[in-house]
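Labels run A, B, C and D following the written order; every chain starts at residue 1.
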Amino acid sequence: MKIQMLPREKVFRDPIHNYIHVQHKVILDLINTKEFQRLRRIKQLGTSSFTFQGAEHSRFTHCMGVYEITRQICDNFQRNYPSKESGDGLWNDDERIVALCAALLHDLGHGPYSHTFEHIFDTDHEMWTQKIITSPETEINQILKQVSDDFPEKVASVIDHTYPNPQVVQMISSQIDADRMDYLLRDAYFTGTKYGMFDLTRILRVMRPYNKGIAFDNDGMHAVEDYVLCRFQMYQQIYFHPVSRGMEVVLTKLLQRAKDLYEHNQMNGFEMPSLLVPFFTGNVSINDYLSLDDGILNTYFTLWQNYPDEILKDLAYRFLSRKPFKSAQYNSDTKEKLPELADLVESAGFDKDYYTAINTSFDLPYDIYNPRQHKRKTQIEIMQDDGSLIELSTISRLVNALTGKISGDERFYFPKSMIVEHSNDIFSDHYRAFKGHIHNDMIV
Amino acid sequence: MKIQMLPREKVFRDPIHNYIHVQHKVILDLINTKEFQRLRRIKQLGTSSFTFQGAEHSRFTHCMGVYEITRQICDNFQRNYPSKESGDGLWNDDERIVALCAALLHDLGHGPYSHTFEHIFDTDHEMWTQKIITSPETEINQILKQVSDDFPEKVASVIDHTYPNPQVVQMISSQIDADRMDYLLRDAYFTGTKYGMFDLTRILRVMRPYNKGIAFDNDGMHAVEDYVLCRFQMYQQIYFHPVSRGMEVVLTKLLQRAKDLYEHNQMNGFEMPSLLVPFFTGNVSINDYLSLDDGILNTYFTLWQNYPDEILKDLAYRFLSRKPFKSAQYNSDTKEKLPELADLVESAGFDKDYYTAINTSFDLPYDIYNPRQHKRKTQIEIMQDDGSLIELSTISRLVNALTGKISGDERFYFPKSMIVEHSNDIFSDHYRAFKGHIHNDMIV
Amino acid sequence: MKIQMLPREKVFRDPIHNYIHVQHKVILDLINTKEFQRLRRIKQLGTSSFTFQGAEHSRFTHCMGVYEITRQICDNFQRNYPSKESGDGLWNDDERIVALCAALLHDLGHGPYSHTFEHIFDTDHEMWTQKIITSPETEINQILKQVSDDFPEKVASVIDHTYPNPQVVQMISSQIDADRMDYLLRDAYFTGTKYGMFDLTRILRVMRPYNKGIAFDNDGMHAVEDYVLCRFQMYQQIYFHPVSRGMEVVLTKLLQRAKDLYEHNQMNGFEMPSLLVPFFTGNVSINDYLSLDDGILNTYFTLWQNYPDEILKDLAYRFLSRKPFKSAQYNSDTKEKLPELADLVESAGFDKDYYTAINTSFDLPYDIYNPRQHKRKTQIEIMQDDGSLIELSTISRLVNALTGKISGDERFYFPKSMIVEHSNDIFSDHYRAFKGHIHNDMIV
Amino acid sequence: MKIQMLPREKVFRDPIHNYIHVQHKVILDLINTKEFQRLRRIKQLGTSSFTFQGAEHSRFTHCMGVYEITRQICDNFQRNYPSKESGDGLWNDDERIVALCAALLHDLGHGPYSHTFEHIFDTDHEMWTQKIITSPETEINQILKQVSDDFPEKVASVIDHTYPNPQVVQMISSQIDADRMDYLLRDAYFTGTKYGMFDLTRILRVMRPYNKGIAFDNDGMHAVEDYVLCRFQMYQQIYFHPVSRGMEVVLTKLLQRAKDLYEHNQMNGFEMPSLLVPFFTGNVSINDYLSLDDGILNTYFTLWQNYPDEILKDLAYRFLSRKPFKSAQYNSDTKEKLPELADLVESAGFDKDYYTAINTSFDLPYDIYNPRQHKRKTQIEIMQDDGSLIELSTISRLVNALTGKISGDERFYFPKSMIVEHSNDIFSDHYRAFKGHIHNDMIV
């Protein structure tokens, strides 16, 4: 491996980590690729900025942050736990460069409005990340190859969890990794909430390598517990906010409508969304994929406001002008009411396929290792004074209360006009009937 | 005037002001217009986010912030300095609603990458702000009219500085106004610098109305002085950063090239940038103007990377992939060297019209009132215990050092390859000659 | 009642609330009394500053903060929930002044190193608070009387929980009151931890009066939940820190020794701690009580270092020079080992009465109302859209995990020399035996 | 030299630096001495906490902070500028330990209410710092000696500016040193102001050793400029606050009165302030000096409230109950009025020797090197790309405005009752005459 250092460390100012320190030429070169710079044009939180106005930050800054946290973990491991001989379970600093590259690039394959877009067009950002790293046509791949011929595959394997060193894998991906730590702090900062503000410095101090990955010193137990709580609260408060999901629903329906129109040849004769066509036809090259960003979707939404199709036009207007669908919670008992409610929406003049939706938001805040699960979780291990390990939830009552329990809610979405005040409207009976089903934000 | 209050105050979470409080229906309705929501898609700081990665915030959040500061000023004035009789120089709270609307809407006419775009296409965001407010075809205008028929013109006149009450005008526009106070704090927060962090709470406390506008209590002198210094430092450190200007130069040249190609009919046969065409032809409707945003420009830049024109293609790549032009300072003595340097750039294979530029950044940090100036400044007045006024720079040595003195620098921009290391390149003589003219970041 | 407003609001700068606003003359006068100023000389957190070096703040600043939060609650209630008629369960702003005074004065009776001192000398700060407020000889009493003759008793009754209006009582004292909210934020700020940083602004926004006290709006549920978690974490991390308790134990033993010596007339002939004598004899006047502060105790400790009694001298040195006792946890199983361990300490040359101790720290993080309990807790009520109330722990899984469960630990304290390394010491067998009983910070 | 590392780094939580890292056994041992722990009982800002209530922090935390900044400077120098051969002007890490010890101990000799106390009792904290370090009877000296026999003298010589390596001296003492950087940040944090919040991280990054001391990289010029401005503003806003000085004047007069009474044998028969007597008689041992702290003075003030001397009693009450003297500014023109004003104070029933005072506060915010000055300043040098140095004020207009110019004010102090409203008082003519001399806070 050829690892070239920069003549002088370069820093990037960042509101979360103050400065991001780049010391290797390969990292600087990766940052300067067109594929990585594209991440500047993709918002980290998608539709959340419609609810939390400050949250306009991009995936670019998040990736830089994950890199920086990983760099600090490596520094700490190298200073305090350097490996003396192979197999001693301590840190081998030759692993640093692959860890840093994987940290920087782990989100490279994200597209605009990730989950929504993926859902409609059946793409997968993890697969695309792998592809961008390993395909010879990308600038990323060419730069990684300068380290060694098999370096792109190595980096990809870290992101894929198949890299042999579990310390490196867990740095980037585990229940308490550089990725999550950065996004919690960053999203808290930009939304302006306090929920995500755990004590990063302390957690970094108490992290330590061992032969099966990464554990935490006993005296950092409370800092780790606090991180788990922060993560839970960010999901409940920010990521699952019903209004952001109301915008997500509008977006889903809008993209769906566009796809349907294209498939039925009803876009012919209008300015064609050329950069989206490959996704409509399902024939997407790397270059097609890397051309997309948030602004390109918004550009087409702007153009679609001039299309004759009333549904496409209306949904595009709703998205660009922030008119979220409203919602009410339902549960297993009231789920059976949904068809009736959808019919009332249809009766009030809306096509129920495009104007009603269910949206569920669930997260598993923390889990212990379960060999029977498909996606096995690496549980959080606390190291005692004598070196033995204790799993976190056995010593934290609060973490225990969250362990293995799915948390979130299920909501039915519909146009706002179903529930606002109307006077002497021809649909007023439908509205009244509809509103009668909702009480204290619940479908009853 | 019909001023309708909301049944319950609505808040927007904001990282700068914690919460933004909306109490009037007209304010909420204005926020929900498509013209105001468009501001979400225009970055506040244009190319600065290429240098300060956190600075990805939009004009939308800034406008919300200016509204909130204005609201707090009105609250303070109403609580502490309510007018008892006309002409007593105190605050008449009937002025609140026009102040709030003007604060919210003062930046409505900004287009993408404002100053650069305006320079190339000869538009003017202040004129467009007026137009959007006063033209009957906009949602903004219709909502303002619900207050009273002449209300749109009233709001526009505040922004235009022709409104009769100087207190209202100075809240929105003076050397220490809600606009500047918000952007300094906001830009400092999102860039992650500390330079802009003056004490807003204290300044709001010491502001007071008087018959010619707004003055500041004596015991707030130091807080006001600190604000002036912060503003100066933000300009020197953030707004004038040479690297952001290097991206601005790339953008200018790219838009210029596109315009030149269009005017010479060399875009024919390729996917036409339909939303830009009105700007190429100089025939722009309100709707054309309001369709534009940052993402639309970037979309065309993405498409232009597939155009055959080498210059357009290359500049689009440089902009999207963040390859700023490099620069060196010059002064009145060394200005005469610029043609020679431009020729060396041309000799190295670049069209000097598109690959060299001069860029000057100047600001007048603070000024006293000068009746002979075209744009007369409202000077900052400090009120003594006995009610007499003293102009700030007469009692602050630091402000005095900045008063009336233009500050900034003049730079010559060129492609980075002129100054990096090259080995055995056919242009190496030109490079060497070029580099010989630059020492300590100065042209010599 | 005669309530005089200040001609102009006065502010006190405070790092937690930015500014503390005083608008009533009586509040300013109370702050300026000698009894209230005494609180500047008593640390809020006692021995915690030996562990968290920044935590050197006084009870004075805390009391100011509790006042300010109460003031903000009143402002919010008056703006949004003003009572229209008696018995409507809304806020009657005539209650403001008694609430503000009670908030300011609620901790007036605290002595130096409160709990430790009270334990040894059998005093009670709550009783002293009442006494200082209601005794005619204090400046506090005289100022309160200027409002009305029965005003001191009214204020005292709020602190005593016997005041008839439950809204006023709960502001100052409930499971989520101005007192707790201030100390959590303040102690977090001064210790430099993040655990106590809940969202005060949001909680203040969602508080609302109702006929049985104070409830919280539904959309503030998560902010309230977060407050409960913060409180729990502050107790676990800061207030119960084993090292602070190690200093508390030293202090307890030191005061005990002094008292024992005095009672056995063994202080005769040395410089007498005149200000402490009333406490030794149990005959304490208000003036005696109000003379005490942290510095006075420390002064006597300094003098006691010159006493001939070896134990007094040594304990005084340990306290002033920060030599905490060490500790290990025990539980119901290992409690029986303690006499054996104490004997080993005695064998190593220490008087076990003064050199060993048990110290238990327990808190009930949150509890629901229980009519059979002696100290009934006011549970936290969340108000639904339709006005019905739900108790917090029924909708928060995390709060539920803490509800009604005591949390803390039991520790055995001993001199550090029992467990550090010794070579060829005459006591080395005792040390080895002692250390053999401790593993992973637990007695085994 | 025997430098022993700790088996594991120990951290102290600190609100300014987050964590303070101790890696050497000698540092930990020094912190644990009784002389260093005494600094916990001496407030950093003396009477300032009477004005800025949060500013109750001790010299202990400041010393810890100066140590931490010095440690970070050493880390940076060692990482980026390690000396390769003697005389190359780079950093020799063997100097680290002496720098760290000097940083930690530089304020060891401070007494209670430093400047006031020194003024009355003619002591000098710098001399006492030297003495405590070099006298064999202190714990400090014994620990330093474990490094090497001449190590105490070495450490003392750094503090004394006579140590041969100018890099080490300038770290601890220059116009931009670890001492000032810590106190500005710390005092800003605890007072709750924003004036002192410069960018420490950036300054540490741009510091670099050279053969005559420490210089700053060119691209850090603005951060250094900002530090100079912050320092200026902290002096103007915090350190020179007229109310704090009003308390300082009360304290001065109180100590003066006590000394006068002692000298005239008028304390006989009352409880003698035994720990102060050595200062009254001018015969002070190290042990006497190290016994003093803020609390001891306050204890005597408490006792003095029971003395029969009316002046002593009254001044003690004023100090403990925070009754500052009021003031007005004078200048060279109005100075001649002071005797007349003092006489009016006397006429109103106050002994003018103890109830009037002048207090001047002056600081030289920044200065360039001047060989003719007694205390020569090390000017701040900015290093250009080519290694040449430029003095800061030649490139910063703002610093230039402050350079070499003394800043502060001169005030006359007197009892508050001279200027408050009185009705039908026997002294009312005197009061009226007195007030007639003051306008807009100035003597006229």
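We take it that a residue touches a chain if its C-beta (ideal position, glycine included) is under 8 Å from a C-beta of that chain, and two chains touch if they have at least 3 such contacts.
Fair warning: this is a prediction, and the values are worked out from it, not measured in the lab.
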Q) Hey, what chains does chain C share as contacts with chain D? A) A, B
(Q) If I superpose chain A onto chain B using their CA atoms, what angle of rotation comes out, to the nearest 5 degrees? (A) 180
Q. With chain centres defined as C-alpha means, what is the inter-centre distance between chain A and chain B in Å?
A. 32
Q: Averaged over CA atoms, how far is the centre of chain A from the centre of chain C? Could you give it in whole Å?
A: 43
Q. If you average the CA atoms of chain B and of chain C, how far apart do the two points sit, in angstrom?
A. 51
**Q.** For chain D, residues contacting two or more additional chains
**A.** 18, 193
Q: Would you tell me which residues of chain B are touching chain A in their complex?
A: 12-16, 18, 32-34, 37-38, 40-41, 49-50, 52-54, 56-58, 60-61, 64, 189-193, 271, 274-275, 291, 293-296, 298-299, 302-303, 317, 320-323
Q: Could you pull out which chain A residues touch chain C in their complex?
A: 193-195, 197-199, 218, 222, 225-226, 229, 232-233, 236-237, 384-386, 397-398, 400-402, 405, 407, 439-441
**Q.** Contact set on chain B toward chain C in their complex
**A.** 9, 11, 18-19, 80, 201-202, 205
